[in-house]
Every structure is written in C-alpha cells, then in structure tokens.
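Listed next: structures, encoded as structure tokens.
Two complexes are shown next, each including chain A; its partner changes from chain B in the first to chain C in the second.
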Partner chain A sequence: MQSLRRPQTFKRFASITQDPLLTLALVLVVLFVAITIVFPLLSMIGEGFSPKGLPLFQRYLSDPVHLSIVTNTLVMGALVGLFGTAVGFLFAFVQVRLNVPFKRFMHIVALIPVISPPFAVATAVIVLFGRSGSISRGIFGVRYDIYGLDGLTLVMSLSFFTVAYLNLSGMMRALDPALDEAATNLGANKWRIFRTVTLPMLLPGIASSFLLLFVEAVADLGNPLVLGGNYEVLSTRIYITVIGLYDTTGAAVLSLILLVPSLTVFIVQRYWISRTSVVSVTGKPSGTPQMMNHPLVRWPLFGLTIAICLLILLIYGTIIHGAFIRVPGVRYDFTLEHFDFVLNGIGAQAMQDTTLLSILATPLAGLIGMVIAYLVVRKTFAGRSLLDFSTMLGIAVPGTVIGIGYVLSFNHPTTLTLPVLGEVTLLPQLTGGRGLLGGALAIIVVFIIRSVPAALRSGTAALSQIDPAIEEASISLGADNARTFRRITLPLIRPAFLAGLIYAFARSMTTISAVVFLTTPQTKIMTQQILNEVEHGRYGNAFAYCVVLIVIVMVAISIMYVTVGSTTGAERRLEGGL
Partner chain B sequence: MSQNNPEIRLKLENITKEFPDRGGSGTVKAVNNISLDICAGEFLTLLGPSGCGKTTTLRLIAGFESPTTGRILLDNQDVTPQPPNKRDMALVFQNYALFPHMSVFDNIAYGLQTQRVKRQDIQRRVNEALLMMGLQGLGDRRPNQLSGGQQQRVALARSLVVEPRILLFDEPLSNLDAKLRVQMRGEIHRLQRRLRITSVYVTHDQIEAMALSDRIVVMNAGKIEQIGTPSDIYHRPATRFVADFIGRANFVDVTVLSESAAGVEVEIFKRRITVASSVRRDGAPLVAMLRSESLTLRHDPALPQVLVEQTMFLGSEVEYIVNTGSQQLVVVEQDPRGVHVVAEGETIGLDFVPEAVHLLPA
Partner chain C sequence: MKRVVLILAFAFLALTLMPVLAQESTLTVLCTPQEDWCVAMTQAFEEQTGIDTNYVRLSSGESLARIRAAKDNPEFSVWWGGPADAFIAAKGEGLLDQYESPNAEAITPEYKDPDHYWTGVYVGALGFCSNLDVLEELGVEPPTSWDDLLAPELQGFVAMAHPATSGTAFTTFWTIVTLKADAMEAAEAGSGYDEEGAPTEDAVNAAFEYFAALNNNILQYTRSGSAPGTLAGQGEIGVAIIFSHDCVKLQQEGFEGILTTTFPEEGTGYEIGGMGIIANGPEPEAARLWYDWALTAAAQEIGPTVNSLQLPTNPDAAISELAVNLSEIKVVNYNFVAAGTNRTAIVERFDAEIASAPTE
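Here is the complex of A and B:
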C-alpha cells in the first residue's frame, strides 16, 4: 500500500499541478515574465559582453569623461535620496506627530507629484528659476543657472519624495504608542524618546526610502534631459548613444554599468532592509501617537512644510498658467493655441494613442500583478522567489535599460534554429515601425511590465494580511482555486487591485525612459511629444500637454474608483471580520 | 479491521507527513506512521500538546496537505490524490474564517452555491441552518457585526449546511472567552448527538476532548500514544505521557511483590494491594499513577504522614502540595465547604482509594 517516496520539490509541485487552471495561470505568467522581462535583459547583457562590447567596457571605465558620468550619476542619486527622504520625513512627521492645522491640505499637496508627467516640474522650474526665470530674474534680478546638479536635485526631490512620505508616515502610524508611553514612564523627555525610540525604529524605513529614491533618480531620463545641462548622467548618455549615434552596443555597455548600482541598491533595499524592519505596517493604527507640542519644534517644521507645499503649488500653477499664455516667462497674454495644438493638431494622435494603449495595459497589469501575488504568497512551487524577483526587475531595472533590451531583442523576428525544422519564428518583430501593430504591442507590454511590480507589491501586502484559512474555508466548501480566487481573494484584495490599477494607468501615461526608444511614426507617445516641445523651447505646448495628461489621469482614477469601488470600505470590512 | 467494514467512514493507513527542515536540507516528521479508523456517526478527537501533529493530521484528512506516504480512505474509497474541494468534508476553522465581504446569509449559502443547488432550495436550507443555530434575523449582517460566539455559530452553520460526510474541527473554541467556550462546547455536543454527523475534532484542551468525544486519540511527537474512550484515557492511560497530559497525575514508585492472573501485587504507601493490570511487566519496573482527587488527607496516625508544603483554595476544591519525605504529590480535596482546610506546614496522614491505582511501565 505504501506509495513510492518522492522528492519534496516534486511533491510540492504536485499540489499546484492538481489544479489545471492554476497550472495554466502559472505557465502563462512565467512565460510572460520570461519573454518580456528576462529575455530582453539577457539580450542586453549578451550584447554588452559580446566581442564588440567587451572592449568598450575597458574604454569607458578608463576614460575620464565616462568616469565622471558614472560619478555624476551616483552623486545625483545620493543627493536626491538624501533630500527626497528628508522632505518625505518632514511631511510624514508633521502629518503624524504634530498638532498643526492644514494637515489634509499638506497630504494632498504631497500626493500631487505622483501624477506629474516627466518634464513638467523641470520645465516649470526653468520658467520660474532659470536664466530668465520669472522669479530668479523677474523678482531677484539674477541670471541663475538652474541647469545642472542643483536644479536636478531640487526637481527630483520634489518629484519623488511622495514615496518616502507614504512609506514613513505609514511606519510612524504603525509605531506602537505604548513604546512612547513606556519610555515616558521610565523618565525620558520627548526629545530623548524621539532620539532613542522613534528614530531607531524608523531607521529601516528611512534607509529604504533613501534607496528607493536613489534607484528612481539614477534611472530617470526626463529630468536630466531637460535640466541636466552640462551635467551628464548615464541615462542621458545612453539616450544620446542610441538616438544620436545609433550605437546600440555602446548603449548596452552603458546600461550594464548603470545596472550595477541600480540593482545592488534595489536588492539591498528589498531583501535586506525590509527584513531588518522592526515595525510592521499593517494598516491598523495601533493607537493615537503622542503629539509633539513644543512650539520651537512645531512652528518651524510647520512653516517649512507649508513653504514646500507652496513651492509645489507654484510649480503646478506655473504649468497650468503656462498652458494658457503665449510664451511662458515672456509674453503673458491669454491664448488657447497650445491646447488647440494638443487637442486638434499634431498632438491629438499622440494623446489618443497614449490613452488607448494605457487603457489596454492597465487592467492587464493589475490582473497579472494580482495573479503573481496570489501564486507567490499562497502557493508553493519551485522557483517561486525567482518569479517574484524577475517580475520586480520590471521596475528595478532603469527604463532606458529596458528600452535598449527591447530594441536589441525585438527589432527583428525572434527565431530559433532547430536541428530538423530549420529556422522557426517564435515571435514576429515587435518594435520599430515595422513591428507588430506599428510597434504598439511592444509599448503596451512595456507599460505592463513597468506597472506590474507595483501591483504585485500591493497585492502581496494585501494577501499576507488575509488569513489563508478564509481561502481554505472556500475550498473546504467545495469551491476550486479559480472560484476561490474570483469570489473570495479578489474581492478581499480589491483595494490593492485598485491601487495597482491607478498606479498602472498613471505610470503608463507618464512614462518616458522605457518607451522613448520604442515610439514609431505610427505610434506616438505623449511624453515623447512633450520632450520634443521642450527641446524646441515651445514650453506652452509642453505645458498644455501636461495639463491634458493630468486631466486624463485624474478622470481615469475617478472612473476606476467608481467601477472598482472605494478603497476604505473593503478594508474596514476585512479588519472587522478577522 | 476488515477493509469492507461498512461502519468505517474514514480510514488512515500508515500516514506519514514530512516537512522540509527549517533552514536545513533534512525533513521533520510531523506525522509519523499513524493508522486510524473513524466510524460513521462517531465524534473523534485528536488531542495533544502543540506540535504533536494533530492539526497536520486534520489538514491531511481535509486534503490541505498531502501525505508523504500512506493512504486516506473515505467510505473505502481512496481520496489521497483528491484535492480538498473534491472531498466531501467541511472544516470549521480556529479563526472561523468567515468571508468578511459577504453577509451571514451569503456565507452560509456559499457551499450550496458551489454545489449548484437550486436558488429556492438554498434559501430554505440556509434559513433552516440560521434557525438551528439560533441566528434567525442575522442573515443580513456582516461577520464583523457579530459577537465571537455568533461568528462561531455562522462558521458551524456554513459547514453543516452542505451536509458533509465528515465534519472537521480545528480548535474551534480556542478563540472564545472561557464562559462562551463552555456554552459553545455544550451546543456542539447537543448538535452532534442530534445529527450524528461523523466528526473529527482537534484540540489541546483535555476537558473539551472529554466532554465531546466518543473516542479520543492522544498524540505526541507525531505518533499516537493512545486511542480510547474519555474514561479509558483518564482512568487507564496507556503511557506516562497520557497520564501526565490529561488530568493531574501523581507517579509513585512501587515495589512489585508478585504477579498472578488476578493482577499485580504491589506495595504502595506501606500498603499491599493487588492491581488488575494489563501491563506486561516482563521484569521491567512499574510505576503507579494516582489521580490527585484519589488522594485524601486525614488526621490518622496509622497513615503515612506527609508535610503540607502549599495550600491553594480554588473555590470548588482545595489543592495541596504535600511532601512524603521522598517525593512531592498533588492532592485535591473536592468541595471544601465546612471541611477543615489544612494549613501549610502541618503534618497529616495520606490516604488513597486502592481501586484508583493504575500501573504503568516506569
């Protein structure tokens, strides 16, 4: 009667293959990730280490010009990480620990940069603080050179700090107030508590925010292109190497160099810092944190935060205002010609294409993210963490690098030479004007892989908070895995699903670095058009594009809220039910 | 033990479950070669300390884990390869595992909908279940609007309504406060005796096990220590582990004087008694088990004298820790009303009921 002993891995695989639908889902997502993320990266690495690429490594790494580009990139990443985290911490601290007015206002202002198109903030800063800026020259009468490291640090810190803010405010809320009370009870004053209890507990969150912002900064293309000036970084160099020099091998080598700090920092952030955290963000506030009420703490911090809020509003005001005036910063008469250009002129196609492609990519990204999250959190199978890691590469790898990988992999049909059948075409050409659907498919896929990681993370976080027994109860009552996922899991992680959708749509509409190499005459992308207008100094058109883009994103978010449901309701239900 | 015994609803045959070792390449045997028959209509409890393998055994039966070796037969049919949703069983979870986004009605209807029962039949059966569990009028509520006891009733109703061949319970009362636990224990008992639904119940609470079960399986370290009725397990534990785990047991060294068909003649507390014992001695030393309530303290100089080291008044009883000079014993006096409570430091005589002496391999 004894069945044969089988190795454990086979046994565990057996449990997932018991359900054909689950197996199919697993096979599909694995294939998807392998083809759209792993394969392009491998092609890029292959190209970098090819006989053509290897000598370039030596050249780049011994040549002072290229070395300074590498240094520039790292310095910029570090500064943005530092300042962005500081601003995020300030906003979080004021929000959670200070008893001050206008908290709601500050929260909303802090969220605004999430839906900002690239270039928008940079261009507005040029208009405000540049050589002929309306503030720098108009008010203070200086011809300030905003181009370079200072401008980049300012713009990127303001554009990216939201991540740090959300991360740290979540952590601060999750800090158990009982710890503060215990410290007070032991005779510590508030400053001492902050120094010896609060700050050490938040340290992993601070480190993690710094690293996230670092990765985001070194990967960014839009801001350095517009605002870099002579300050060249790797991403702009890669862009120029492809667009100006048509040198994909050189670009692949530079991409590999850029990959080293990006991936190192990503891995450190994800697999080390996040594990050392002693605070678990559960979403359940564990009590009311003690407020800092000392006026010397309260009012300076409040004033600083309000000042930053006003700066952000000023920048966004400039964007909106600039879209309605003849020449921003120069001629202030009202006009609708920029909007005419965007909505009826050459810009209309880009707007329609980008919106359509984003609409197609969004639900797919959300669903793929949830399915991978479900498989990774709930099922055991060989290569589980590899699937998670490979999916995360979609965002950990800088967009320019992904773009190069796509150009290298899909600018020709993918073929395989088999012994008997000869050459077999596995995939048609995807990118470029002769690519499938005018290159549109490749763009959709890039939109998806850039958004899936966020959906995966929010899905994973939501799933790990749901008692697996709830799903087991469904199965125990006779439902199969598919029905359980549809009727139980998906409704319960609906807030995470919605967050994934919103992120995916906003990300797709505003992304530039990955798709800049993939747009074709048939398929135009708005961000690319904005870049075009900025480069030609037509700031009015660029601002009009940005305004239209922001409106589209906000409308889409409202529609998603209505159709997918409010985030809070489901959460509250979940908390009460457990 | 015949394969075709129609009475046997569930049969576990040489079940072993290994899990990969924490951090290592080796494996841990959570369940180690157990075999078990469960009869139709029986209420069987798996009892043991945490980590003894009882929950793993239940999850193996439910199908959430698959055994490394061995077979599981439901009504003589091998269900080992079947996924849990194909097994005609329903599990009541420790945390109730109610669907938080559904109403009470929808929670209970869920299994019936899965079985594609007709809409009006669902309506009727769910309403019957609500009535049976005393939940009438609460069908529209969400689980989080119910008290803990009501949530547990919904969980029970949800599992009962699908009329499974076996009902499985995974420590269902451990999340309730003490009073509610006693009340729900009574309800489960009444319900099971009325419906006679075959049940496998996991708990670490010996009182719960004894109150509910037809038979108890005591598990330890992945193995079955003993299977028996509550009274068997309590009065005639097979091993020292069982005796120690259930109730309050004192172990007293005995001197074996003789063995005969009538039993074993031993000397204990300076008295010679003959104990009917099935323990095959074969020369190995024996130990006597005496329940705390089988011991009494009396002022009698003829009895062996003990020193009272600790006295604890517990309301319905008094618990003493006494020292015989060679070992400590726990003595419990029931219903101490009007009886003289012995003070700490007093010396007093120790008496016992000879019939309560049970012999175990030392």
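Here is the complex of A and C:
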C-alpha cells in the first residue's frame, strides 16, 4: 500500500479509476458536455443532412444571393480580424514599448468593451455617426451612411479588440529583451529590430488574435441586426429564417455553412498557431523591455491611441447620456422615464430574470470549468483531449447555431424506445414556454456552456503552472483526491476560478445570439428586451437597459472579488500555511 | 470553499423554488401591437379579474411562426392584435379555437370571422410617415402615391418591415397586389381577379415587380412593423411605410413637427387587428374571459391612453380626435381571406427574391 517509489505513486495519483469520487466527477462532466453541447450539435447536423435539408444545401450554395451572404460574412470577419488586431496591437505596443503618459488610463479604456451589452455600441454609433448623427451631421454636416460593412467593421473592431490587446500585450511583456539587446549589439537599428525580431516573435499572437476576432465577428448577431442595412450576413439570415419563417431545417443548413469557417478557424487557432508560439521557449524574460523613444514613432502612435480612447469614451458617454434624455439625437430634455421603464415597468421582470439566471449559471460554470481543467491537466484517461475539445465547442460554435441546436433537440421531450420497456422519457422538454421551469433551465444551461470554455482555459493555464508535486505531497500525506482538489488545487487556482466566474457572469448577462430563440413568456432576457427597444428605435430605453446592465455586472464583479477573494488571496493563503 | 458550497446550495434552492413562480390562475397573452399597449391591456385585465397576466410581444409573422412551432404544446392562450391576415392563415392551419363571444355581436360583420375563429379589436390604415427635414434636403415632397416611393432621390431613404416578421409589411404587400389587380381588371376583365374574387397570379407577380424596384430605395427591412417610423423620426431615412396610427403615436411621443403622415391617392390598405384563442392553449377559461373583455368599449378605450390611436371596432368606444378616420381616406378593397390564404407562400417568395437580394 505505502509505496515510496515516486513513479508508482504518481501513476496511481494520475489514474482515474482508483478514486470513485473522481470517476463520478468524470462521468458527470462527460454526461453534461454530451447532453448540452454535443447532442444539440449532432441533431443540428442530422437535420441539415436530412432528406429535407440536403436539397437546401445545393440551393444555398448555388444561388448567387446566398453565396453573396456567405462572402459578406467572410469579408466582414476578415476585416474585423484585421482592424481589431491592429487596434489591439497598437494599444499593446504603446502600453509595453512606449514611454508615454496616461498608460493606466489607456489600459482601463481598453478594458471597457468587455462589459458591453450587445447593440449598445452599434446604437451609440448610429446616434453619433448615422445619417442624422450628432457628429457626422451635427458637426460635419454630412449624411453618412453608416449602415453596412463600414459601420459593422468599426463597431465590431471597437467591441472585440480587447481580446487582441490582452493577448498581444501579454506576449510583448514575455518577449525576452536579451534578443533585442543582442540585435542592437550586432548593429541593428530600432526599426530593423522591430521588423526582424519583435514582429516575427509576435506573429503567432497576431495570427491567433486575428482568428479569434474573425470567429467573434462571424458569430455576432446583435450588430449586423442593427447596423447591417442591406449588408446581410449568415447570422442575421439564420435569425430571420427562424424568427420569421420558423424554418428550422433551413436554419440548420445555414448554421452548418456558418460552422465551417468558424470551426476551421478555431481549430487552426487552437491546435496550430497556439502551438507555434516562440515566446515561452526562452522562459521568463531576463529584463525589462526596451522602450521605443524616437519622437516620430512615439507621439503619432500615442496620439492615435488617445484618439481611439476618446472615441470609446465618447461612445460610452453617448450611451449614458442617451439614457437620461427624451429622444437621443432628437430631443435633449432631461428625463428619468427610461429608467422608470427599465426598473419599474416592463423591463423589471427581464432584469430580475436575467440576473437570477446568471447568478445561478455563474458558480456552476466556474466549477465545471475547474473540474474539467483538473481532469484534463492532471489525470490520464481515454478521450481526454476529446473532452477538452467538446467543451471548447461551447464557445467556438456561433451562438445562433447553439440556439438552433437547442430548439431542434429540446423543443420536445427526448425519448428512447426500448425493446421491453417501450418509450422512455430521457429528458423532458427544455425549451419554449412549456419547457421545464418555463424554459429557464435551457437558458441557464446555455449560459453555462458559453462560459465554461473560458473557465476551462484559465483553469488549464493556472494548473499547468502549479507543480504536481504539491498535490502528490498531499496524497502521500494521506489525503484523498477530493480533499486534495478542495484543499490544495482549488485554493491555488483561485485566481483562475475568479477570472472564470467574472467572465461567466459578464458573458451570461450580455449574451444574445445563443438565447434569442430560447426566451419564453415566463422567462424574459434583458438583451432580448434591448433588441426590442432598439428595433423600435426607442434608443433611450435601450440605453437605460445598457446602463443598468453595466451596473449589475460591475456590482457582481465586486461581490465576487470579496467572496471568492482577490487575485492574490491564493498566494497569501499558501504562504500562511494551509 | 465553504462559501462556494453556500453559493451552490443557494443556487439549488433557487432552482427548486422557481416552478412556484409559474402557477395556475394565470394567462399568457401573445401580444402583437406596440409594447406599451400590451402592458396597459394586461395590467387593466389583471386589475379587473385578478388573473395574473403575462404577455410576450412578438411581431405578427413571428407570432404565427411561434404558434405553428409549438402547436402540439402551445405556450400562449390568447393572441391579441396584429393584422387579420395572420389570423386567417392561423385559422386555415387549425391553430385557433372557435369561440363565439357574447360581446362580438356588437362588432360589424366585416370586422370579424363568420366562423367565429377571430374577431377584430381595432382598425387602422397604412400611410407614409415622412421626415420633413430629410425630404426637404433631398428635394422631395412627402409622397402621395406608391410610385413616389420609387423616386431615385430616395435611394436608401425608404424603410419598411420584413413581411416574414411583420404584419404591417404584409399588409403593404397585399395592398400593392390589390392595386395591381384593380388596374389589370380595369384594363381587361378577368385578368386581375379570378372567379372567386381573389387576385390572380399575374397581379401577385406585378406586385413582386414593384417591390423589386422599391428594394433599391430600401435602407433596411426591420423586424417590427412600426420600427421604420422611428428610423424616419431619427432622420435615418426619409419615408417609412407604416400604419398611420403608428406615425401619429410617434408624433405624440417626441417627434412632433418632425414627422408627417400622408396617404397614397390611388388607395391604401388597412388592417383589422384580430384576436383569437390558441387551439389547445394552456388557460382556455382565462383566454375566453380576456376575449370577452377585449371587445368591450372600456377595453378598447385603453389604446389612446398610451397613444395607440387605432380605431376601435366596438361602436360604443370613444374615438380619439387624433385617430385617422378611415372614411376620410381612400382605402383599397382589401380581400383579407385571399391575403391570409396566400400569406405563407408570398412571405417565403419575398424573403428569397426581394429581401435578401443586394441593392444596386
């Protein structure tokens, strides 16, 4: 029993069947992922390739109208990827490599779009730069047509660039300055170093940012719905196919077409680009990065970054201002009627429902993410990478596609016909007004599966940095796996857990594409209500919703910091002795 | 860790308590007119009867699609408002229950279904809702004819809703069908209408040609019928094709002096806002109570309090002086039954041929 030889101990620790609790956890998460992610996707694929769906493929892929929709989607994804990455790169470069004032300010402004309710930015951009926009028309006197590709690229680049910024600034900080120094010693000037050393080292990061933004952009529903004009993309087509025609087969076929670029790009990003990273090879950086101090580099870049910051602040300012005036862009008298509408009127139920469902989904998403991360990083079992991949599908698959999958799978009870027992109900109806808990369960589950991937990633990253020897020590001292996970692993990955929770809550509160087909008379979702208000042009109400939503998310984040602990809490606890 | 357990325990507690929220003695209304009217109606009904009344606002086409999708296990009990074509389509598909309300006797026969599947609750005419400033700048007068909308100056400055989701847009489409049929019938008897009085295939094709031409001037097909009106109010477009009462509502709510309502002189279409009981709905008793109540004069006078200025169908209900009187404008001879029967086919064709087609 008590073997002192380390390899054997390790083997026993890593093998999963030894511990019934661990086996149970594994079975539970596998079941969860299979039912909530894999099954809806499979039923969507099944519907698409059904005898009803196959002819539609041919129709959609040969008809020039639908082909142009596919092209539109790809062009938009590529442009958003390009501009979003460029803006992210600019912010990261200024942050890490330039010696300029207001860095903290720029950093905070770059983080603002993380909590942006859908439609908020698009609507504010219409108010500012639309045909009667207070800037385009009010200051420059032009009726600029913001609807279409240009408006979409602007809005999405500004909404999504934060991912690129965080990604690239992390990489730039991790670059080994010794390489720059070596190049300088060999006589290269700064531009040459940037071009031949820095940029190639960052290339994987740039590529992966581009691809992540591409996936986000082609999956986005809210912005094209509001700002698309006649520029139609697949996500809006799927939406109208379901909402207007309730043609779920057609929607499934369109979803499959959308799935091809999304999944390809996701797989390339995840399994190819992220593996070619050269940054980690050198390990920890051996000094502080060299600053670019040439004034012709420094000040134009600084100016550009500040200009973008001001634009972001202007947009968010418009949202807040618009919530307090009678008709944004038209009548400027102060009013609280929009907040009355949201807090006391029609909006109150949606606000309560969305918050409650998000509160329920958040801890579950965080926990499931951590458990899967633990199993995938620390344990060996067959299908480990498959579990990881399937979980990641929750976010890699566009939200509208997930929504269709749910409607196809859960709009009726799931039954199984067995030879002896006859028909057995495996799952009751989950979606729609007559679904379980008035359709609320389906929405919670969607919130969870959309958030688990982020928790899983941050958990995996955190776990990979923790020496398994600490856990082995706990096992050697007689603690079982569950106790070790609870007392050792979880406290150590608490910052990752916290990050997962914050992401899960913010994501759940602001998601639209995945739940837009799942709201029911009993369960109303704020983002859906915002869409209604924007669609009717009642921008004041929409802005008031957005302000309330942002406040709720910020309050929740503060509460999570207090209850789960600050980012340094884990270390302190470890140092203080467990 | 204890905290996490606590949070989880709370979560499960909340989960088990949730069904309590959805109990009996409730009513779920599918509501198609503007949201504030839905609120005013459900609140008034709740006060009157004590029945806990929920509603969902969906556009007319969305409503039909949603009822169709959940017909084995309907989510809603009663469907209130939206053009009657959708109710006729729903009746044809067996989605509605027959109900002969005692209060329906007061309503004139042309505003209700002879088989008692639906009854009209309001009436309203289509019109053009124009932004005066924008039109002045474009050098165009507010349109007074359907052909005025095709003016090249208006490229990208007209908006209407998508017929797949919006009853307003479908009413617009069918109005053009009717006008084309009238013109063809005038030129050659029998070419515009068939023996049963329904517009012919050729008339429908002619209407598609009109909308293909109009597509070049359309900025965006919105989901909801009244949304183009706000686009006009915001100055994003010049002309919105919407129900005239929705334009009057906007004028009452911040766009006074900005928007103006005009009507096409060759004739405009109108809607009868319908109401029907969903077949096999979850709360049939409460649905009938709502049905009876919504036909009373008192219930029909709620609209004007929230600036919804459709004309009531109950002759005893007071008419707001702001309402557009149908007798003062030229309306087409709108064949609701033919419109309802052809609805699905037309919507699918419109979606495939017009709405997704790129503009030049």
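Everything below uses one rule, namely that the second predicted complex is superposed on the first by the 547 of 578 C-alpha atoms of A that agree within 3 Å, B and C clash if a C-alpha of one lies under 4 Å from a C-alpha of the other, contacts with A are read in each partner's own complex, and residues count from 1 in each chain.
Here is the rule we use: a contact is a pair of C-beta atoms (placed from the backbone, for glycine too) under 8 Å apart; a residue touches a chain by one contact, two chains touch by 3 or more.
Since this is a predicted model, take the numbers as computed values, not measurements.
When the two structures are aligned on the shared chain, A:Ile475 is found in touch with chain B, with no touch to chain C. In the superposed pair of complexes, A:Ile488 makes contact with chain B only, with no contact to chain C. In the superposition on chain A, A:Val452 contacts neither chain B nor chain C.
Of the two partners chain B and chain C, more residues of chain A are touched by C.
With both structures placed on the common chain, the touch criterion links A:Ile69 to chain C but leaves chain B unconnected. In the superposition on chain A, A:Ala440 contacts chain C only, with no contact to chain B. By the touch criterion defined above, A:Leu498 lies against neither chain B nor chain C after alignment on the C-alpha atoms of chain A. Shared-chain residue A:Asp19: touches chain B; no touch with chain C. Shared interface residues of chain A, touching chain B in one complex and chain C in the other, are 487, 491. Note for the complex: chain B touches chain A at residues 13-14, 18, 20, 27, 62, 64, 66, 68-71, 80-81, 83-86, 89-91, 93-95, 97-101, 110-111, 114-115, 142-145, 155, 158-159, 162, 168. If you check the complex, the residues on chain C that touch chain A are 1, 3-4, 7-8, 11, 14-15, 18-19, 21-22, 28, 34-36, 39, 54-57, 61-62, 65-66, 68-70, 72-76, 134, 137, 156, 162, 164-165, 218-220, 222-224, 226-227, 229-231, 233-237, 254-255, 258, 282, 347-348, 351-352, 355-359. Residues 65-66, 68-69, 126, 130-132, 137, 143, 145, 147, 225, 228-230, 232, 237, 240, 242-246, 248, 326-327, 329-331, 345-346, 356, 359-360, 363-364, 367, 411-412, 429, 432-434, 437-438, 440, 486-487, 490-491, 520-522, 524, 532, 535-539, 563-564 of chain A are the ones that touch chain C when the two sit in their complex.
Chain A contributes residues 1-3, 5, 8, 11, 14-15, 18-19, 467, 469-470, 472-480, 483, 487-488, 491-492, 570, 573-578 to its touches with chain B in the complex.
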